[in-house]
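Each structure below is given as structure tokens.
First chain A sits with chain B, and in the next complex the same chain sits with chain C.
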Partner chain A sequence: MDPAKNNQAVKVIKRIAGILAIPVLCFGIMELVCIANGITLFNGGYSTLQLFLRGTTFVFLLSLGVSINMHTGRFDFSTGAVMLISGVIGAKVAYGLNLGPAGMMAVAAVAGLVIGGLVGLLYILLKLPPMIIGLGMALILEGVVAIITDGCQPVKFGTDTSYYSFTVNPVALLILMALGLGVMLVIFHFTKFGYDYRALQTGQKIAVNTGVNEKMNALGCYIIAGFLFGIAGALSICSTNGTTPTINFSTIGTMFSCFLPLFFSGFIGKFINKQVAILLSCISYEFIQIGFGQITFKNAAFTTEIRSVVEAVILVAFLIYLNNEVKIVEVVMFKKFREKLKAKKIETADPEG
Partner chain B sequence: MKKILAVILAVAMVAAALFAFAACDGAGTTSKEYKVGVLREDDTSGEAIAWQGYLTAVGKELGLTFEFVTTDSSTSEVNAINTFAAKGFKAILLFSDDDVIASVTAANKNKMYLVIPTGNVNDEQREQLNKLEYYLGSVSPTDDTDYQAGYDMAKYFVNDLGKSVFTLFGGATCYAVSMHVQRLAGILAYLCEDEGTSYDGAKTRGELVGKVAGQGVDPTKFVSTKYTITGYMDGFAFDDAFSTKLQQSMIAGGTSILSVGAGDAVAGIAYGIANAVASIDASEVKSAGVDAITSAYADCFNIGYTYDCGKYASAMAPGLVLLTAALNGNKIVDETGAAPRAGMSYWVATSLDELNTMLAADNETDGYCYNGKVVEYYAGKGYTEFLELCNADFEAAKTINANYGK
Partner chain C sequence: MAAQIKKEAVLDETALRKKAIIKQRIISIIPLIACLILAALYLIFASIKGYSISIGLQTIISDATLVALVATGATFIFTSGSFDLSLGSNMLVSALLGGLVGSATNSLVLMLLTSIGVAVLLSVLNSTLASVFNLPVFIMTIVMMSVYGAVATLILTTLGKNAQISVPMALVEPLNTTWFRVILIVGYELLCLFLFYILKLGRQQKFLGGNPFCAYLSGIKSKRLTIISFALAGIGIGLAAFSMTVQTPTLSASSGSSVGMNMLIALVFGGMTMSGGPKSKMYAALLGAFSMSFLDAFMNIFVSGSWYLQIVKGVLFIIVVFLINMGNKVKLLER
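== the complex of A and B ==
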């Protein structure tokens, strides 16, 4: 066999393995743990698949939005607040005007886009660290939500089931995922904005010196992220059939729910486009989420606290792996041992040197 | 000269007497305007808003002006108390409870009366607090009240609705929060009254509390020839894992969903699932919760919520009675002479009509069930009458209003 072709084939196999490793591992491990508990991962059939798709869509939109700013070093704590306020505005307007769930998604997306833009505008005007702006805006936006909802009164849809039904409609969810993926692919891979973004990501000073307007790019990032958060926020409210808003930094934790998939995507992204890597990571993450739900249904010893600890352990273990990948691969592949063996063999074959 | 001095003194004495009489405008009424500080951590829930409305409105009738401050730590509580003292406030209503001892001590140092109107202190705290002159007592549903609430809820579902397959939501039971543990134990205790039913070998209240506190319920350990528990959830993360579990439990037949808290959130998700999953008969889904008698729960009755149990706007009245009595110089104490630590009854609505009746009898526009007159009446009475007010259910509350509130 042609060695060049052979190398190419090995590369392709390695790439496919790298892309699928985490999803397959997550599915396999969760399926095995579920079976050990006398249940299957997709016990419940279609209805579980619906929840799986919903969870994947939500965390995918959230992860895409968070990744935009996080991957350029901006840690935006207002993520959850933008989601909440956009979702609440979407729910109030859509339910009030009888626009239905699709209308709610559209209104929330526009609201998220505008509010995200406002956060971005403050960031570039005030020149304060993004974390400070994020924290401040989280408080302000939560306060606005309290005003809109007449003192954090519940936001509900009465007896209208269409909003919840939307969140378990596979076609609607796939459209939302395709929309998120499409927007990200087009903007970040086929526009000047995307090229500038990546230039700034890899070397801000050089990019600015070559004429990239970093302020406008940052503003654009906040706007796009806000758009995605808006849809995610609306989806979140629909999936619980309403919400009772809470304030005083209660929204900050939301962004952390996408950290595990984002770290997963750090690995998968070595083998494939970043946005697709995030999608595969979210699918992997949702295997874990649905699996946890199934296990806790069957095994009461697997409590909420244990679940939180397991999730944190997975996160930490994965971070340890990402930061020590080379060393771990060396250990797993017995690389040093093989090198020593090889050296010994050469020595034995040619003792004169 | 002596005559003129005598006339001046006489006029002065008459004037003083007139002022004194004028100040006494009725038995039990506070003799002048007082400012009262309210410290709370929750300023957004339906309960918090309802209570603020109640205190503001009834305070006007009683000559009390309330100022509300939201705190988030013991330090901020003490600082707020000192600020209120500097502004001439006479009393504190303490809703927040980061460090009860520190707050009451601060109020006592400033010679301000302090009432805990919706929380109770433990034995150790009570021993310390009873030494403080300005501490007036605490009022809140006790463990017994919460246990009974769970017990009655299960009883209603079995006896009145004929249900036997349940999904349970334990709220903060996993964190061993007493009120949720007691409510859950109450639910199980009622079911375990059946001869062939037990939970992990336990049947009595004490045993059940020990089994579920910090642990929750394991449906596989629930043994019964009459009832089934298809699923149990706790914690407040209403995420996909929660939905998956609730959905599986409902598919398995557990369409009677008993919640020890957050019943509105659970009811909303259950309603969505019931209407989205073909194998679940949506009309069979009934949920219940120990939550609050506020308008926020009215909508829930349209989406399968069948039983609402909780505090109500006028639930602040016993606290106001303790405060008003002390301001009038008639401090209410228990049979041992200590500041009361009283329980309080919940109201229960099993239909939207019932809930609306309760809301109509207890609101800002039409008047509160325990209005200023009721508070004044009980402020002039003793501990026995005070307990009567605390322990009144809705029917008793209506009688109290009819007798003393008109």
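== the complex of A and C ==
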């Protein structure tokens, strides 16, 4: 066989293995754990699949939005607040005007887009660190939500079940996921905005010196992220059939829920397009979540707190792997030992050379 | 003629330098002026409206103590260019374990030592994990924040009653006074000021935060210094945990929940730069904590909803940072 073709085949196999490793591992491990507990991962059949799709869609939209700013070094603490306020506005307007769940998604998306744009505008005008702007805006937006809801009164849909039904409708969820993925793929891979984004991502100073308009790009990032947060916020409120807003930085933790999938995507992204990597990561993450849910269902001692600790341990372990990949591979593959052995062999074969 | 022009140029340069120094000094005293204005506003309006000033001041000191203790310790971390978001949940875990030991032994000393010990241990764990495994400290602390939060809930549900841990009131009552809180905060502040301004520790931290590469070339051991910074912050967290237990002996998952984020706001209100380095000030935390408490008390005179206060706090937070950074000419956007 042609060695060039052989190399190509090995590369393709390695790539496919890299892409599928985490999803397959997550599915396999969680399935085994579930079997050990006397159940299967998708024990509930169609209803589990519905929950799986809902969870994946929510975390996918959130991860996409967070990744936009996080991958350019901007850490936006107002993510949860933008989600909450957009969702609440969407719920109030849609329920009040009888627009239905699809209308709520649209209103929340527009609200998220505008509020995200406002956060971005402050960032580029005041030139302060994004963390500061994010913290300040989280405080302000949470306060505004409290005013909108008459002092943190629950936001509900009455007897209208269409909002909840929407979040367990596989077709609607797939459309939302496709919309998020499509928007991200088109904007970040087929427009000047996307090229500028990547230039700024890899070399801020050089990109600005070559004429990239950093301010407009940053503003665009906040707007797109806001759009995605808006839909995610609406989905979250629909899935719980309403919400009771809380203040005092209660929204800050929302963004941390997508950290594990984002770190997974850091690995998968080496082999495939970033956005698709995020999708696969979210699917993997949801396997873990569904698995945890099944174990809790079977064994009440496996509480939410234990789940959180286990999830955090997985995150730390994966972070350690990502940051020490070369060293770990060296240890696992006995690379140094093999290199020494190889050098010894050469020395023995050709003692003068 | 040439000499005259040169002399004028030198004079111009000196004048510009003087102007810049004056501007910098004015900017640096903005937090102090803001704190004094807020205190004056509170005292004036509380007197006009007939509120009890002594009760009001007691509440202000009580509110400021927790945030000031945590934020003062955190100044060591921020100065050396690191970041820790897990301080609030660390405080809760330390308070819970301290409370359990206090209840079991009926000893305040053991309760204090446990609170400080656990806080230092958890704080050092963050930095050690980050150092040993080359993890970004910021991400590490976010992860640990959720771990400590979950551990706290686990402690409450397994070792507490109705998801609460109660320390006998009789045990903590003698210390539940404003004087105790004042002594605690003044003592810790003096210790930190001594470490920061008198010993070389503070200078090394400022150097590390300002230019890590230069600090490394000058022989500063960054990992060791970072671990020391986290340990010192741990002492503040432990004291805050003890103070919280003394104040509210019934601890739940929501105890001190906003301290972790409020300390960030306090630091900024006090004039601390979030990027650390040579402009860091140890007293910023204390100043910021009291500014926030005076603002809270002042707003409470006029509005009943805490969300209005939150909006005002958010707006002021952004304005204060903007004013402090006004002199900086940045071409690129901050990240």
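Rule of thumb we're sticking to: the second predicted complex is superposed on the first by the 350 of 353 C-alpha atoms of A that agree within 3 Å, B and C clash if a C-alpha of one lies under 4 Å from a C-alpha of the other, contacts with A are read in each partner's own complex, and residues count from 1 in each chain.
Here is the rule we go by: a contact is a pair of C-beta atoms (placed from the backbone, for glycine too) under 8 Å apart; a residue touches a chain by one contact, two chains touch by 3 or more.
Keep in mind the model is a prediction, meaning the values are calculated, not measured.
Participant: Is this a clash or a fit when chain B and chain C both end up on chain A?
Facilitator: clash
Participant: Classify the contacts of A:Thr72 with the two partner chains as first (chain B alone), second (chain C alone), both, or neither.
Facilitator: After superposition on chain A, A:Thr72 lies in contact with chain C alone.
Participant: Is A:Leu126 in contact with chain B, with chain C, with both, or with neither (first, second, both, neither)?
Facilitator: The answer is second: A:Leu126 touches chain C but not chain B.
Participant: Pick one for A:Ile247: touches chain B only (first), chain C only (second), both, or neither.
Facilitator: In the superposed model, A:Ile247 contacts both chain B and chain C.
Participant: Have a look at where A:Ala146 lands relative to chain B and chain C in the superposition and call it first, second, both or neither.
Facilitator: A:Ala146 contacts both chain B and chain C.
Participant: In the superposed arrangement, which partner chain does A:Pro23 touch: chain B (first), chain C (second), both, or neither?
Facilitator: The answer is neither, since A:Pro23 touches no partner chain.
Participant: Using the superposition on chain A described above, determine whether A:Gln294 touches chain B (first), chain C (second), both, or neither.
Facilitator: Only chain B is touched by A:Gln294; chain C is not.
Participant: Between chain B (first) and chain C (second), which does A:Glu305 come into contact with in this model arrangement: first, second, both, or neither?
Facilitator: It touches chain B and chain C both.
Participant: Name the contact category of A:Gly134: first (chain B only), second (chain C only), both, or neither.
Facilitator: The answer is neither, since A:Gly134 touches no partner chain.
Participant: Just name the clashing stretch of chain C against chain B, choosing from 9-17, 27-35 or 45-53.
Facilitator: Clashes with chain B appear only in stretch 45-53.
Participant: Do chain B and chain C land on any of the same chain A residues, and which?
Facilitator: In the superposed arrangement, which is not itself an observed complex, chain A uses residues 146, 151-152, 247-248, 303-305 for both chain B and chain C.
Participant: Residue numbers of chain B touching chain A in their complex, please.
Facilitator: By the definition above, chain B touches chain A via 44-46, 49, 72, 174, 215-221, 231-235, 237-245, 247-249, 251, 264-265, 268-269, 271-273, 275-277, 279, 296, 299, 302-303.
Participant: Given the complex with chain C, which residues does chain A contribute to the contact?
Facilitator: 72-75, 122-124, 126-133, 135-140, 142-144, 146-147, 151-152, 204-205, 208, 214-215, 218, 247-249, 252-253, 256, 259, 303-306, 308-309, 311-313, 315-316, 319-320, 323-324
Participant: Given the complex with chain B, which residues does chain A contribute to the contact?
Facilitator: 43-44, 47-48, 50-52, 54-55, 146, 151-154, 156, 158-159, 161, 163-165, 167-168, 239-242, 244-248, 257, 286, 289-290, 292-294, 296-297, 300-301, 303-305, 307
Participant: Which of the residues in chain C end up touching chain A in this complex?
Facilitator: Contacts found on chain C: 129, 133-136, 138-140, 142-147, 149-151, 153-154, 157, 257-258, 261, 264-265, 268, 274-275, 305-308, 310-311, 313-315, 317-318, 321-322, 325, 330-335.
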